[in-house]
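Here the chain labels run A, B and C in written order, and each chain numbers its own residues starting at 1.
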Amino acid sequence: MAATAPTAPPLTWSRRHLTGIEPLSAEEARLLLAKARGYHEVSTRRAVPLCKDLHGKVVVNLFYEDSTRTRASFRLAASRLSADVLDMSASGSSVSKGETLIDTARNIEAMGVDTIVCRHSQSGAAQQLAEHVACAVVNAGDGQHEHPTQALLDAFTIAQRLDRLDTFDLTGLRVAIVGDIAHSRVARSNLHLLTKLGAGVVLVGPPTLVPGALARLPGVDVTVAHDLDAVLPEVDVINMLRVQFERIAGPAFPSQREYTALYGLTARRMQRARPGLVVMHPGPMNRGLEIESAVADGPNAVILQQVANGLAIRMAALALVTQP
Amino acid sequence: MAATAPTAPPLTWSRRHLTGIEPLSAEEARLLLAKARGYHEVSTRRAVPLCKDLHGKVVVNLFYEDSTRTRASFRLAASRLSADVLDMSASGSSVSKGETLIDTARNIEAMGVDTIVCRHSQSGAAQQLAEHVACAVVNAGDGQHEHPTQALLDAFTIAQRLDRLDTFDLTGLRVAIVGDIAHSRVARSNLHLLTKLGAGVVLVGPPTLVPGALARLPGVDVTVAHDLDAVLPEVDVINMLRVQFERIAGPAFPSQREYTALYGLTARRMQRARPGLVVMHPGPMNRGLEIESAVADGPNAVILQQVANGLAIRMAALALVTQP
Amino acid sequence: MAATAPTAPPLTWSRRHLTGIEPLSAEEARLLLAKARGYHEVSTRRAVPLCKDLHGKVVVNLFYEDSTRTRASFRLAASRLSADVLDMSASGSSVSKGETLIDTARNIEAMGVDTIVCRHSQSGAAQQLAEHVACAVVNAGDGQHEHPTQALLDAFTIAQRLDRLDTFDLTGLRVAIVGDIAHSRVARSNLHLLTKLGAGVVLVGPPTLVPGALARLPGVDVTVAHDLDAVLPEVDVINMLRVQFERIAGPAFPSQREYTALYGLTARRMQRARPGLVVMHPGPMNRGLEIESAVADGPNAVILQQVANGLAIRMAALALVTQP
């Protein structure tokens, strides 16, 4: 670490919830990332004795949408902190009996649960929960709104790869986010976090899928582009969003082949990129569609590091919001 | 606590199973409630170090019906006692391969499991299990028969609200249970437990859903009524059963609106009640059908306390039946 | 144990994976069985303090096919070793999003998982995983290929019943495996393990379901028969495979009644057997189809002991492959 950190983190984290990146100050985001840096060794070395920071605490994974990696990552993060974790999913729950989200959450809270990790198809679900329960809430993805821990692990991975783990200051970096920006909570959270940390962002995709309004957000260094080949030589990092198969059939996506031709990250296209380009993907990948296997498995890709860092990020988020 | 408890609990609990309230003596029921009182602090304070009463024991949640709260409550209760808990459900199990309930349970037992918590759509399933396995069995709801831990947490909550936690003696209290009594295991278990503890019970609902035969049970203070407005001023506690949507279409339920008009607990109807009326609901609630939100969230409701007390009750049940 | 063991086990176990019985040497199989013998007491006594051999390790149950007992057995085995266990199933996973098995496994590995227990409908899936991840892989059944821990627990149970736990040398024993041999991974793994341990095997079933080619495997004492009544007096052990209902309708199975008449293990047929015949079944049983209840619950059956021994076998497999 630098002898004098350029930004002194606040002494204490005072937020009860992590519902999104947008409400965080840059300092709060850096505090979260620094906390994850501290857990990074714990999460990968898994030394005995285990970390006991949430010993005796109870975390519930309340998932209304399917997810392998996010659910597993939160579960392992909570376990690594010695918390007790309980998985709840929409199938096999009161949801099918017509109970409201708020009633379900209040019931979970009444069982002595400390923290609810919530994934929901409705934008704003996490915030709504946070307003109605006294326990902590962490947003694990809500509709097309935000997915804050994904953005945090992405930023952590960029900082790790480009040697900026000491300050998490991403000033001077240019990051392309490519794909269906309009419907992506990952894109939204990344946009907020990367600009808070000083990076510039360029959103790339077909005009139908990249709302121009995003480029007119006040006080934010963001531009919109539709030609990936023109953008590629200019950026330090590229984040390839997953193509949602269920949306391909619509007018926005004429065909898979055309999408790949225009916006797929192929080995051939990589020749236009800077040598050290950092290639990211939030997973699960559609190999051969938005990314070619040679790129996904190549030296520029940090896709598995993203997954690994997700554990440290989620440990940090859970530890900070769960009150002692 | 009183200087001299009116009923001395038996020194030891000798039952291997908790299949229902009906087979319990009043003393056994009080012992269970007193054990829960002891766990109440553990379940809510969650002090470190954790309670180790079932350390090294294995509890299996064998659920053949969906349930959020009961399954989660048993799971958290077992974890709070430091037991290892394993969830098994009908989907993803040998059940779909045609294995009998008894064979499934014997196999679970052979894996070194100490206690099976069973929910099943068939009345008598828990008792059948108890007769065929050597490990302990706790009934988490069997068909239209019993749901003993629900009745115990209801009684605990009444005693807590009305300051009778020292003896769990409910003598002099009058409790209304409202709704589809005929098909409700919650109603049956409550009827048995409340009368064992000294309370009088009035069963309220449409004639098609409240069998008059229940009012002729020998030695039990129970009456049947069909006019909620007439009953309301006379009772200290009201337990609003959940309307089962799947039964609404039948001849017993002409319409939701009519049900609410006759048997829904509305704010307007609450004006007829005693000021301190204790309002209960086993959940999940159909807001606006059997209970109005103003009542469910009002000062008389103890619905979330029921959920919270469920943890202590299930800790007590698991601790008592699981042999050391 | 004998004063001098006939076969000295190798000092260390060097395999990173357990993908099948076929690749194991007889010595390796005996080492695994001996390790299980050591855990047997731990798995059944469950003394406090618990065994900490995998404390801090993470095991993932990656199941692409339904299974009650195998999943539960692995889970309990991992817990008994103090590992952290995470269940993942095909429903609710990235699988439905089109991700490849290898990508899913690499992601799981990136989360710091030490060992993946995999069940998959495709033969060779476990081996494929083992070639692409650095963490350990245990095959919990892959298509019609192998189910190594089932064969190991079967051999352990035979050795236990016939007093050969000291060496696991099954020389001189004759074991019949009865049923749909052609499609059974249990039969394949048993065939390999039993012959490695010195036993002779006879495969019994309708000609359509018992490939004659198996009887011509080089260096292996295996024969094929179609008349169970003729085989029964000659064998020490009989392993009744489960009839797969989904295959009954085909030309191989004219009817359930005919199957039972020819290949069901009935009380009447048992009169032809040696008095001490060891009766096995991998479960779940179709009572009245491949085995009659009087036999399944009779003194010759070791079916529940198989289940109980499965815990020790899976503890041994997990402990040996998971690196310290």
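Quick note on the criterion: a contact is a pair of C-beta atoms (placed from the backbone, for glycine too) under 8 Å apart; a residue touches a chain by one contact, two chains touch by 3 or more.
Quantities reported herein were computed from a predicted structural model and do not represent experimental measurements.
Q: Under the over-half criterion for shared residue numbers, do copies chain A and chain C use the same patch or different patches to meet?
A: Homomeric contact, different residues on each side for the most part.
Q: On Cα atoms, by how many degrees is chain B rotated relative to chain C, nearest 5?
A: To bring chain B onto chain C, one rotates by 120 degrees.
Q: Roughly how many whole angstrom separate the Cα centroids of chain A and chain C?
A: 41
Q: Can you pull out the residues of chain B that are in contact with at least two other chains?
A: 91
Q: Which chain C residues qualify as touching chain A in the complex?
A: 55-58, 60, 84, 86, 88, 91-100, 103-104, 106-108, 110-113
Q: Please output the residues of chain C touching chain B within their complex, sorted ascending.
A: Chain C reaches chain B through residues 43-44, 46-48, 50, 66-69, 71-73, 75-76, 79-80, 89, 245, 283-287, 304-305, 307-308, 310-311.
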